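Presented sequentially are two complexes of chain A, the first with chain B as partner and the second with chain C.
So, the complex of A and B:
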């Protein structure tokens, strides 16, 4: 067990534990706060996979943007702490069957049935941002511009919905 | 051999250790004699009233929404900014068109006034102008309206 394994298990534990608290806590503010650690742990896992650009995007967009948006959404709700979150346990037996089926497929077919290949390399992984930029300018230039138009549509749509009616 | 992300990880570890050690050490050293007043939330000496969770104004949400969209835009611009020099003018134009399209959205928001704060409208009380009479002004017992008038003239 080398240092990378330890770091991997650390980030995996952070992700899983905080995700568990996101789902189970009754206070919606604590839930949003735990989501921070979930996003952060996932970013750490991306780094360990060598996807450095995705990791930075994860921090920038999810932690820096979407989490802020969720927190504002929480703050905008009328009652924050006293709200009764209705999460009763209904339909236990069908739920157990469904979860067992899904977990069985995941474990026996996907997890055990896949030939996992790991490439041993001593070469440090190069940054992917430069290669991504090259692809955006050459092969995927149309998609790049279409993304700009998509963002424009989102921008105008969001502003129109959020605008106060006069 | 430490990679760049390894250095960041060391920083994160140090930050976490710093906080834990500081809190634990101070817990060991300090005397703990809590009273009811000490345990109150500190609010500049006042007794706290009501819940600290207040409802935010909707305009913060709109700004956060616009910020998120430009955040995504920056994410797409980073790789372009690293690579565009290798492709000369055409590489530059790719990003320029992208920025132009989003600038259009920015201009739209600006024109529509979505970037403006919804400021509260202030209506100051209007004081009716009275004819300024010297004899009245010379009187010591001038009433309130006239003192205001005199202040304005000074």
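So, the complex of A and C:
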């Protein structure tokens, strides 16, 4: 068991334990802060997989953007003053059964049941940012431009929807 | 103990996916449903990056993961704007109580 394995199990534990608390804690604010640790854990797994740029983007966009947005959503849609930050649950028992079935099928049939051809590819040891940037403006340039337009549409659309007066 | 390989990452992502689905189907609060969707997207991303390393696809998997992150940011922004609007209209964000398209 080398250091890579130990770090993997550490990050996997952080990710899964905090993800479990995200979906089981009653308090929404606690869920949001547990989501922070889930995102950090997933970023660590990306680093282990040699995806350093994706890991940095994960931390910047998810932790710096999406999580803050979700926290704002929590604060704007709950009356903080009369401690109403709890969230109810419904149909827990059928959901537990269904999700356990789903997880079992996913893990034992789909993932472990398939003979994945596992080839160690030569992802550069130094940094992937240069190669990713080159791919973005050659092979994937159309998707790149479309995503730029999409972000502009989202910027305008979100502002318009959120500001609409009655 | 076996060497950490592709299967380990796939199992982590499968458990993360199942937890996300659990959050989506059991939580009443719309913001909590959004958090479940983020977990599901993260697990998909983990698969993309894992197959980018262990499959023979070069960096295409990481590019796909980047696109998923961008789309997740866009989706969260729009969804939270809609949730704010629902809160202004119905003064609740519990998804089981909102069953009208208009007031």
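Things worth noting here:
As a convention for this text, the second predicted complex is superposed on the first by the 128 of 166 C-alpha atoms of A that agree within 3 Å, B and C clash if a C-alpha of one lies under 4 Å from a C-alpha of the other, contacts with A are read in each partner's own complex, and residues count from 1 in each chain.
Going forward, a contact is a pair of C-beta atoms (placed from the backbone, for glycine too) under 8 Å apart; a residue touches a chain by one contact, two chains touch by 3 or more.
Keep in mind it's a predicted model, so treat the numbers as computed, not measured.
In the superposed three-chain model, the partner touching more residues of chain A is C, compared with the other of chain B and chain C.
Shared-chain residue A:17: touches no atom of chain B or chain C.
When the shared chain is aligned, chain B and chain C each come close enough to touch A:57. In the superposition on chain A, contact of A:136 is made with both chain B and chain C.
When both complexes are overlaid on chain A, the residue A:73 reaches chain B and chain C alike.
By the document's definition of touching, of the two partners only chain C reaches A:28; chain B does not. Of the two partner chains, chain C is the only one that A:106 touches; chain B does not reach it. When the shared chain is aligned, chain B and chain C each come close enough to touch A:162.
In the superposed pair of complexes, A:8 makes contact with chain C only, with no contact to chain B. By the touch criterion defined above, A:36 lies against neither chain B nor chain C after alignment on the C-alpha atoms of chain A.
In the superposition on the C-alpha atoms of chain A, the part of chain A touched by chain B in one complex and by chain C in the other spans residues 53, 57, 61, 65-66, 69, 72-73, 76-77, 132, 136, 147, 151, 154-155, 158-159, 162, 164. Against chain A, in their complex, chain C makes its touches with residues 1, 3-12, 14-23, 25-32, 34-36, 38-39, 42, 45-46, 49-50, 52-60, 62-63, 65-67, 69-74, 76-78, 80-85, 87-89, 93-94, 96.
Across the complex, chain A meets chain B through its residues 7, 29, 44, 47, 52-53, 55, 57, 60-61, 64-66, 68-69, 72-73, 75-78, 80-81, 124, 129-130, 132-134, 136-138, 141, 144-145, 147-149, 151-152, 154-156, 158-159, 162-164.
Chain contact summary for the complex, chain A toward chain C: residues 1, 4-5, 8-9, 12, 15-16, 19-20, 22-23, 28, 31-32, 35, 38-39, 42, 45-46, 49-51, 53-54, 57-58, 61-62, 65-66, 69-70, 72-74, 76-77, 87-92, 95-96, 98-100, 102-103, 106-107, 110-112, 116-121, 123, 128, 131-132, 135-136, 139-140, 143, 147, 150-151, 154-155, 157-159, 161-162, 164, 166.
Contacts from chain B toward chain A in the complex involve residues 3, 5, 9, 51, 53, 55-56, 58, 60-62, 64-69, 71-76, 78-84, 86-87, 90-91, 94, 97-99, 101-102, 104-106, 108-109, 112, 114, 118.
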